[in-house]
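Multiple structures follow.
First chain A sits with chain B, and in the next complex the same chain sits with chain C.
Here is the complex of A and B:
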């Protein structure tokens, strides 16, 4: 993997547009399952170099006090990892939406399960939606709870756990998920692996030509 | 036996599951339609549930397993069908989906059920339409028990370490812990370019309390003061018993204003607390003097403590039961 893939600003614009279309569809599907109106936004699509990763993640440490983090990998078609950040302490909003009982809201094991459930639902629909737009299918791994009620200052460590970064660059999609009437908000950082970048680039080129 | 609904019947006859799935005894595989009626029940499921396929096919899963949380599983199944997405459960959050006995009947101690990791995925017919959901159940009891054992051992090791860091009377961190922790916190806030404050405080006229009411009451005062203070602090703050009646508080990620607010809250909380001396309703209250110092650039831990101490001395000098902020060089 020697050549650095660079997306032109035009390509990134198309990607952002295509992602938003995918998100729109994902939103209505999720609304059907969750029984509430859902908003999915993609405020940011950009390339991030490994060296600038900590810097890129810093805003999330500063936004919240305590955070919960769910990690989910995807592969086969498009490869990468999705990091969900839920900066709230209140799980009441999730309880109704996910069909749990009131008693469940206080149980830590149920809270963790709800986090993984919402991560799976959002990642599933968004990534599948995006994949469809670009012409790829993909598989999701089971979600993994990387951090539960941890200090936001540890965000980088929670996600990368002191491990070395062996890749040079990644494509980062920032997604915001909001259920207004239940006052539930979370963010998802979708990182695409180097080996997928060429494929995405080709798919975007096709869209631009077509 | 309740007669299955007609489209379940047609699904049952239309769906042909390969023998390899049916006969598999190492992984549980079952399927339900949108109404939770069972469409497939493989060998593993038969053996562990002690329910033969014939007695379960076409029946509602919730009737066969009344302990199952109906709303939860129905929503999960619906999710898979609508999102056309894989879904999962993990033994860590939900020990099992269906309660099956543990296969290790002699050696496993008190694990009386099978720990399970499960996957859910959409069941499609030949036209690609989603007609139901397939579920796989993996017996992960071995892994779960090993993991729990490891966690238990780690917890024990940690609590052993912890007890050497704690003050036995108040349960707070002790001086030894504080001396290490202050360096760690300083390094951390510097890394993130945050501000930090240190509080050194002590209980006013403590010697008098001991002399007047005796040491047991003196001990109780320290415990009460500790409890009242902990209630005012965040989990990221570190409260330590620094010495006899002296305490220290490390406040990371606070500015001057916030630090003063916290200090004042501590003072207030202690001053307003009535401490009972005996069983006859006699009470009294104590107060604390607080010295506050903000971390400046280039300061060492020792220097920060020195500044907070100087501020504490000022607080005493100015009449006690007050907060003083260290000013100047």
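Here is the complex of A and C:
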């Protein structure tokens, strides 16, 4: 199958670096929220074909015991969706990590709100930071809780189960945050719509020429 | 006499940004390293006047480079340039012997001010 958009190795390097900047800003937000040092990892950047999506996401089904998943769409300039995964522990442990009180933890509705508040803060910082580097002012839709205290084996179904995939390929950016002292992981997968790939390519070329 | 500079970053684009941000009137000879191991190998053989060091790199990150240089007792002037802008990251770099911390995206003006502050340029 021919690629709709091909990124050169130099463009992918630039993309990794601008993602790194967005990730760094989000990591700082997360550090402030959790009161802990966040270990950052070099972002991953790759093109994924629709037919290989399940294979590409397979590692997530084995990584954690339990996951909570929040989805958030972005638009205006670039279009796509961000999937935020809190992994490693059950939600009750997450509440402890997040430092919320017992009363907050008790109500399921409040639990979900907490997940989405934090997701919005981290996701927003990362995406807006990345968008700014590329020259786009992104808008974010409200976050949606897609998976709550579920087995990570269900990850693909949580995100894509039952949905027809209309695109041929997507650009996938992955960033990871780790708080070692609390055994807490948070990952963001950013999927960019096909219609945005040319705009991204142009923005990267501009940065390279700059 | 030209200052010997080492730029350490796993991104070629980022190394280019640092290169371009160096003051035009600063007499320098620049070497680049694309990872922490290469940087440490180069530092073993060469006494660089100034090192610009990224933090988030695969295998050996910037913190480990700083730590190893400190263990070796070498007196490189290290400035960290990183997107990891957590206060704790900055504090740790300074504790490990870095002279300064510059956030990404790098500002030419901020870099110039820092070099001036440390007597490396007029």
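Basically, the second predicted complex is superposed on the first by the 166 of 210 C-alpha atoms of A that agree within 3 Å, B and C clash if a C-alpha of one lies under 4 Å from a C-alpha of the other, contacts with A are read in each partner's own complex, and residues count from 1 in each chain.
The working rule: a residue touches a chain if its C-beta (ideal position, glycine included) is under 8 Å from a C-beta of that chain, and two chains touch if they have at least 3 such contacts.
Since the model is a prediction, treat every value here as computed from it, not as a measurement.
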First, second, both or neither for A:140, with chain B first and chain C second: first
Which of chain B and chain C A:20 touches, first, second, both or neither: second
Chain B versus chain C as contact partner of A:202, first or second or both or neither: neither
First (chain B), second (chain C), both or neither touched by A:76: neither
Contacts of A:124 with chain B and chain C, given as first, second, both or neither: first
Which of chain B and chain C A:116 touches, first, second, both or neither: first
Which of chain B and chain C A:44 touches, first, second, both or neither: neither
Between chain B and chain C, more extensive residue contact with chain A: B
Partner chain(s) touched by A:183 [first = chain B, second = chain C, both, neither]: neither
Complex interface listing, chain A residues touching chain C: 10, 13-14, 16-17, 20-21, 23-25, 27-28, 31, 37-38, 40-42, 133, 207-208
Contacting residues of chain A [partner chain B, same complex]: 29-30, 32-33, 61, 98-101, 109-110, 112-113, 116-117, 120-121, 124-125, 128, 139-140, 142-143, 145, 151, 153
Residues of chain B touching chain A in the complex: 69, 71-72, 74-76, 78-79, 82-90, 92-94, 117, 119, 188, 192, 235-236, 253
Touching residues on chain C, where the partner in the complex is chain A: 10-14, 55-58, 82-89, 103-105
